[in-house]
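As written, the chains take the letters A, B and C, and residue 1 is the first residue of each chain.
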């Protein structure tokens, strides 16, 4: 195997700058998408647990649509097709004047996609608590809304910390799909370095190390958070 | 105070309650017993609207439970309920479990709620566990907290759904003692249970259910001493061995 | 906006699209088979009593699960020709990438499935004199697979969607074929909408079938 090793390439300009900027975009897209995914996903997940069949239907349709179309296809739809479907002025604004169109589209698309997954986690988290807690709350005269606010959600979210962390890490990895619409995140930059310098090993290793690093740090943070919010006396919060 | 009139309920095609009618007057203690699947838990859950029913009427304190316009949270704040699995909120301390509904439903002030909570904990002899969390308590202690929680809203009636069925034998008595005290203080109670000793001590009436129907509905003395229907006798003979 | 929807462009290029879909399906199937075999081996290694095997397996799994699939595709697109010393079509690189990547996910599913079989079953097998491999083959794995089938099938659907990522190296799957037509005929709306609908229908049907199977074979 013929290969010229040159690890120095990743600390030379302009490549180092590419790596740093790429990592910055990865993190930004991930965080923006996560904020959307968590809030929207929670609402949809809660809808699926209510007794209202309209809300449940809306939520179910949302989840099925966003879950069954590949992420890259959704990116293309949002970036290329969506502006065409808007009425003229709105379309023009999106295409010409919206700031950071690639970033915004990527964050929006990734957020909406992941919201469907978060919704499923939220739904199963709440349902695993069991009907008994719901009944106990209602029996003391709390309204349905109060039961969610004071009983189901506080316990549910503690149960969900591991799967939700996993979803965040999934967003972090899926941010790489944004490169298909031009967001120069870390994977894109690694590819670019490889194309310019042929030092693929060094470039891809850098990207790989960064992903692994972030994954490990997030997992450690998750354990810390779990420890801080754990309920005294309980080892696991799953269904009894 | 509690009136059930020809109540019937179906889950799909399966009939869970069949034309059930009975009354519980103020201060009465009524025990509901029967084999598994007879519908007794379902019946009692209909009284405070946790379960819906398709036919018949239920009146609590002159308010119709099944009526769509009834303010269920308000109704439920007047009835206390104790569950088989205690159902204490795991993420709240004992004190906060008891305070939650007082603050959010009755809108009492924090001092009022705190005072009432301490009183109730003393009544069930658990004042020293006030700051513990449910998972740190034994089953019997948890159920006593649950009773205190139900009493926190000063209800005019209490419903018990097999309160001792999930307890180890040595803890059953501590809970039954609290319930006996409650009965002696004049609380209107409807208790689903297998504990016939308890029934004999404080119940005014016993209802025996089988396959969704109320088969027997008579005073305690009559139930234990006379010849009742075949199903009731078989049931009694099976459970009166302890 | 929909008055200009040109269904003809779809019909005219249907052969091309079908060829792309054939590649997608082929890639999916090959990756499932390879992934399952390698995944099972990894799972058994992970659960074995040999610390080294267990460590290698868990490192492998954690490694591939920390990386995005696109990066793995780039890695192998770059590495495979380098190692073989000659240019290789994208297809093989991509296939290897998928098999190795999916094996990590299948390993976790299979591991959970095996661990869900009660220990008593293993003891029962040992008690009548079966050795480790016989125990696995006749008692543990059959039960484990029955528990795992819904999750494995769901992962297969995810894999089917993930194959669309070969776009980044230009391998002519369904998405890339549609994209080529879209750019050539300037009919982006029609082509991408078609792609989305096809995926939606296939994946949704798959999920529904899995759910029905779960209900029928629930233990």
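Basically, a residue touches a chain if its C-beta (ideal position, glycine included) is under 8 Å from a C-beta of that chain, and two chains touch if they have at least 3 such contacts.
Since the structure is predicted, the reported quantities are computational estimates derived from the model, not experimental observations.
Student: In terms of Cα-based centroids, which chain occupies the most central position?
Tutor: The most central chain, going by mean C-alpha position, is A.
Student: On a CA-centroid basis, which chain has its centre farthest from chain B's?
Tutor: For chain B, the chain whose C-alpha mean is farthest off is C.
Student: With chain centres taken as the means of their Cα atoms, state the distance from chain B to chain C in Å.
Tutor: Going by mean C-alpha positions, chain B sits 53 Å from chain C.
Student: Counting only Cα atoms for the centres, state how far chain A is from chain B in Å.
Tutor: Chain centroid spacing, chain A to chain B, equals 46 Å.
Student: Express in whole angstrom the distance between the two chain centres, defined as the mean CA positions of chain A and chain C.
Tutor: About 21 Å, centre to centre.
Student: Which residues of chain B touch chain A in the complex?
Tutor: Touch residues, chain B against chain A: 45, 48, 50, 72-77, 79-81, 83, 85, 87-91, 100-101, 104-106, 132-136, 149-150, 152-153.
Student: Sort out for me which residues of chain A touch chain B in the complex.
Tutor: 132-133, 135-143, 146, 150-151, 154-155, 158, 231-234, 237, 240
Student: Can you tell me which positions in chain C touch chain A when the two form their complex?
Tutor: Those in contact with chain A are residues 1, 63, 66-71, 74-75, 78-79, 82-83, 85, 157, 161-162, 164-165, 167-168, 175, 179, 188-189, 192-193, 195-196, 199-200, 203-204, 207.
Student: Can you list the chain A residues touching chain C in their complex?
Tutor: Touching chain C: residues 1-3, 64-65, 67-74, 76-77, 80-81, 84-85, 173-177, 179-180, 187, 190-191, 194, 200-201, 204, 207-208, 211-212, 215-216 of chain A.
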